[in-house]
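Take a look at these structures.
Okay, so chain A shows up in both of these, paired with chain B first and chain C after.
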Partner chain A sequence: MSTLERRPEPSRRMMLASPLIAAAAMLLSGSVLFLLLGQEPLHAFYTYFITPWTTPYGVGELMLKATPLILCGVGLAIGFRANVNNIGADGQLTVGAICAGAVALYFDEVQAWWVLPLMLLAGALGGMLWAAIPALLRTRFNTNEILVSLMLVYVSYHLLSYLVHGPMRDPAGFNFPQSKMFSDAAMLPLLMEGLRVNAAFPLSLLAAAAAWFFCRHTFAGYRMQVSGLAPAAALYAGFSEPRNVWLAFMVSGALAGIAGVGEVAGPLGQLQPSVSPGYGFAAIIVAYVGRLHPLGVVLSAVLMSLLYIGGETAQIELQLPSAITGMFQGLLLFYLLAADLFIHYRFKPRKRAISTGVSA
Partner chain B sequence: MMSSELLIAFLASTAGAATPLVVASMGELVTERSGVLNLGLEGMMLVGAVVGFGATLATGQIWIGLLAAMAAGMLMSLVFGFLVLTLQTNQVATGLALTLFGIGVSAFLGRGYVGQTVQPMAHLHFPLLSGLPLVGPLLFGFDAMVYASIALVVLIGWMLARTRLGLIIRAVGESPQSAHAIGFPVIGLRYGTVLFGGALAGLGGAYLSLALTPMWVEGMTAGRGWIALAQVVFATWKPRGVLVGAYLFGGVTVLQFHGQGMGLAIPAEFLSMLPYLATIVVLVLICRNPQTILLNRPMSLGQNFKPD
Partner chain C sequence: MNDTAAPEPRLQMLGISKAYPSVVANDRIDLTVMPGEIHAVLGENGAGKSTLMKIIYGVVKPDDGQIMWEGRQVDIDSPHDARKLGIGMVFQHFALFETLTVAENIALALDARLSPAELAPRIQAVSQQYGLPLDPQRLVHSMSVGERQRVEIVRCLLQSPRLLIMDEPTSVLTPDAVLKLFQSLRRLAAEGVSILYISHKLDEIQALCDRATVLRGGKVAGTAHPKAESAKSLAELMIGRELPVCVHQPREPGEVLLTLDRLNVRSATPFGTTLRDVSLALRSGEIVGIAGISGNGQQELLKVISGERALHRNEGAILLGDRDVGALDAARRRALGLGFVPEERLGRGAAPELSLADNALLTGYIPAAGTGMVKRGLIRHGAVRAFAQRVIDGFKVKCGGTQSAALSLSGGNLQKFIVGREIMLAPRVMIFAQPTWGVDIGAAMLIRQAIIDMRDRGVAVLVLSEELDELFMLSDRIAVLADGRLSRALPAGATSINQIGVWMSGDFDYQGAAEHVHA
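Coming up: the complex of A and B.
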């Protein structure tokens, strides 16, 4: 790496450009992969990345899939900014879905306006409860929150599996491991007839806006930012680390829980053995690719959603394996991390000119 | 009261469940002792599992499968090493990326293998010894990997504590600055330990798909990579501790298969939660005292080092 030199200060331009470079690199390697799989690359590329945009239904699906990614990604980003690594959003989402499902099934006969708000509340509380465990163990017992939050993801999967095989199974469901379909009062209203995208999408945008306000205009948000960028300075300023950890976990837990409600009270309409194809994990990538900025998270969530939808489209139309989606997700993060090198470094000019010390 | 047959079966399958954890943890332990935290263990194990299975299916030779799995694990860790050591990316984020990438790649590579099986790794048979009552099935009836994994623990323990290489690895892990000043190639050495960790993670993963359950299932590691990571912490970065921890967790893991047989009236799902819950409990017990971690953790763990 002798051709690289450190920039005098981090490049703002590169900070914004690097997610775009990463996305472009991913699209490029996608095309190469299509070629290797014996597809006509342009056609496969078009089917995968462009087709979803061409119909109202496709755009609706993009918004639908982006919803849990925005909700989880925004929450995780707030934590990551403060060096609080919650990687168990999928578990918090699952528990949120369980709690909302319990409310929906309990008030199955009640057709009242308050059922849905109660479900959202229950989902948020469920996610917070699940997130409280790693927060408590880290602040009280110094336990690594990455490992604890991740372990709890698997626990939540088994919990959901137990519930839909047992206590919450639909008695009239021919022994299928799933709950009763929720009543109409327990379903999120659709945004438009004929599309599956529901009220959770504007809710997620609202959450992103609130997160932006929190990070930008509140003292608590500032404290968390300082703790992430300069832990020593935060300590010197007397910013409490436990308070950051709790705040990060509570916010991200609540948002992930709401994402869970959005799934069961939306496209699923019931509790199933699995309520998330790994949205909580994809949201980690979404948060990083979105530069841990709420607006960036919204954009990268749409990109990630495109990977999901495109994967499905390509599977149906080109018989491409759906597992490609997961590969693309991983690749995207790799490329981003690599491209981020150029935030702090730049190529040394070939001729050794006298440096004036001025740089972009 | 459970029968002795059941007890023997329980203890014997404990060794099987513990072995992939021992192997993967030992690799990660060496990586971490040199100061590098690779959170991509789960992804590398998955890729090892699928590549090992595929290679065995294609050649009919388990040892080729194991070698291929090690190579695949190394390739994965090379990606990690290049990003973290050469491009100086954040170790936590890169490790997570490696895991997510591994989940995707393994599902992609394994799509043709679902539903197929291979002949599982043969159990060794020692003349006379294997026929002994009680002792025979408990000590002399495992496949070669079980014994090899125990030898690995001893070997790495000796290497770290008693050899020059071990001393250099530890020195780099404690203070890369000093090690560099003395003239040790910090980055080169860390590449070595990262690749070593990748090879063992691949091997541990292949044990899952070639011996424990001789088939490929998407996401079949089910968090074992993360448990192996936690185990390095429980073991306070000491090889011996990994062995104890892995057998403890092996026991908890197989409890879910034998639980019902032992007359435990607990739904299977709750028994399946046990390894994850046990991991959390043990983590709390070990980490509760910050001194334990502070005194044993390699000082530079997770921090990048740039030689110039």
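Coming up: the complex of A and C.
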């Protein structure tokens, strides 16, 4: 017998509490997992979730990892709100990295201030170009953008692989499949000496703030939200669906492309056969955990970054398998979806006495 | 069923109460139904009729009270229990599979496991016995709404019920089909079957029912013998005060503001209706009513007029004033002075999760209305809230304020909000689809008066409705849409409910009858 009933209106409190409940449940089942792996749960817990915060370098790494997640997550969130399901951010990130890399290598000899802005522009355009394919196919032929954008991720991986094995390979690189290291003018400035976190991090915060303003205060943001929540109402109001699809793909493509620039012009410093360990996919979780709200995305990106870094620490210090990171990501999303049920539903209270004598 | 002694009630409900978190739906309700009696349960939307029926049918458990079935106290825990006792229910919305045959649908719904082939002869026997002609081999998607209802009724009758619950059965029927249904119900009652007839249509209850229990605000407001009461006294028992009336003064219409010229539009869905040669000229200061049962092209016609579906070439023309707007989307048509209240409130007329303020922005942003909600692409939240508040105040929308989510409002209140929003945008041409559907009588009168006031201000108004009474109350001219064809529009005074009823079954000379516009 069902004991769930629909709430008269969605609970705002539950909407905010649900990510916290999911995080707590993730930690709890994580502890059980640690126990089964023969670890002392508290120690493993400390190593995984606290150690990264204890050194400036660790915090810098958290910010570094959070950067592409924020950029991709914010872009995806804007699309998801409009029911445009771009799950190919990793591909757009990769193509953005390729385009920025091409600019960096072409102007290798030039030591000028404009190289870096040009790379950012090229990266954004590259991401938009890759995102334009699913947008065009959806608006023209009504194809499913989930499938198209996902498949294009693998196309982009192979494109990058071809380039670093062939045309863009470093001639003096002993046949390693990677490009020449970028010149200093093509590298994002570091925020602090000794840390790897670079100027892309403040840029990502700026993007999140701009996205917040877009969603809250612009009519275009409102139109996109209506199309996502109630497509028939958007049609009734005369909001153009193709325009929303294009806007969503262009924004998320550009931001993912910039995230790609942040990787190659940051910690990598060159093009390699792989420029992303799946940031574009992790950003999907980031967007939902952040309630598709740009500021929520920033917080959830830091959490996701912690899962990555903590996972690495746990591998090194506790000799746990690398799959532990994926486990925790999966647990988080799983619990979030479960907890989200209670935004619209609640447990039915036990049969209660009816107040007699009170007229309705 | 041959109780010759003092007859025992078939069903007796004593002190039934049911509370939901936000509302007491049933408050100590007593109801007695005798064998062979057609008993009306009368009440406005939200009076608690549906909850009471769900309790009888075992869908909802009461918090308190007793149910006696033929003198014996029973607990009805599920519809299965109810059917075992001999209670059948025909729902307002049918749960039929369109791609299956009648017999297959019925076989799926019965508790006993019988093959469609075994059932077919029984279906035929029952349907003939009660004057409900039905071919067991026919596919449901090819059937009209009235025929689908017959499937549901026959399904109930196959289980030989001793109490049949009918939930607003005539809301989807033509007047002629209503008469046939009544004959069948009377025959059933004569055989001793008790019928609980839920409705808010007073004339039907007077024609059909022996007794009526009137609910108001979750309580029994009284019981009555409908045939001994006047429609007015019944209505007043139902709403608890005097019935408001609409004032409709004759008025000379002005120039043509909306022109439909030979619309021939193929439906996008296989089970939709194709519009054929639909033409109409709608003038300033007149209300044209379009009668017809939904499913006869209403959806298609509304979408084409509103701009939710743009016209292709060779599909005819739509003119606002003298401007051809066939290719424009809904936003551009609205900017040219077209207002539209759709039939579905949640999801189309309003986004369910958004607040009333945000839903005011949905159409209220149009520059022509001068609400100042959007400046240079940015939303001015103050102006949006102020407009929403004006709608709430002007149309007495009961809600928690401008920040309440649309889905937290009752259907009638949301309807008032949407109607109010569209009216306050001061369109020159206004389209209403089922303007008072599911709205209580008091609010319905408010909406109808607002529609008449618009017309008096020179707006051209088109009303599509299934309620003939409403159309005759409002319209200057009335036309019928049946099977995708539109009849001539006759002056309301020159026609009658009977004639419109005949036309609604598609029996009119459509060719050359509609007013073609000569460009």
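Quick notes on this structure:
The criterion applied here is as follows: the second predicted complex is superposed on the first by the 350 of 360 C-alpha atoms of A that agree within 3 Å, B and C clash if a C-alpha of one lies under 4 Å from a C-alpha of the other, contacts with A are read in each partner's own complex, and residues count from 1 in each chain.
As a convention for this text, a contact is a pair of C-beta atoms (placed from the backbone, for glycine too) under 8 Å apart; a residue touches a chain by one contact, two chains touch by 3 or more.
Since this is a predicted model, take the numbers as computed values, not measurements.
Once the two complexes are overlaid on the shared chain, A:Tyr236 sits against chain C while remaining clear of chain B.
Contacts of A:Gln111 after superposition: neither chain B nor chain C is touched.
Of the two partner chains placed by the overlay, neither chain B nor chain C lies in contact with A:Thr54.
Annotation for chain A, partner touching more residues between chain B and chain C: B.
In the superposed pair of complexes, A:Ala323 makes contact with chain B only, with no contact to chain C.
Of the two partner chains, neither chain B nor chain C is touched by A:Thr3.
By the touch criterion given at the top, residues 17-19, 21-24, 27-28, 63-64, 217-219, 306-308, 329-334, 340, 342, 344, 347-354, 358, 361-363, 365, 374, 377-379, 404-405, 407-408 of chain C touch chain A in their complex. Chain contact summary for the complex, chain A toward chain C: residues 8-10, 217-220, 222, 225-226, 229-230, 232-233, 235-240, 349, 351-356, 358-360.
The touching residues of chain A, when paired with chain B in their complex, are 1, 85, 87, 133, 137, 141-144, 146-148, 150-155, 158-159, 161-162, 165-166, 278, 281-282, 284-285, 288, 321, 323-331, 333-334, 337-338, 340-341.
Within the complex formed with chain A, the residues of chain B that make contact are 39, 43, 79, 83, 86-90, 92-94, 96-98, 100-105, 107-108, 111, 218, 222-223, 226-227, 229-230, 233, 267, 269-270, 272-273, 276-277, 279-280, 283-284, 287-288, 290, 293.
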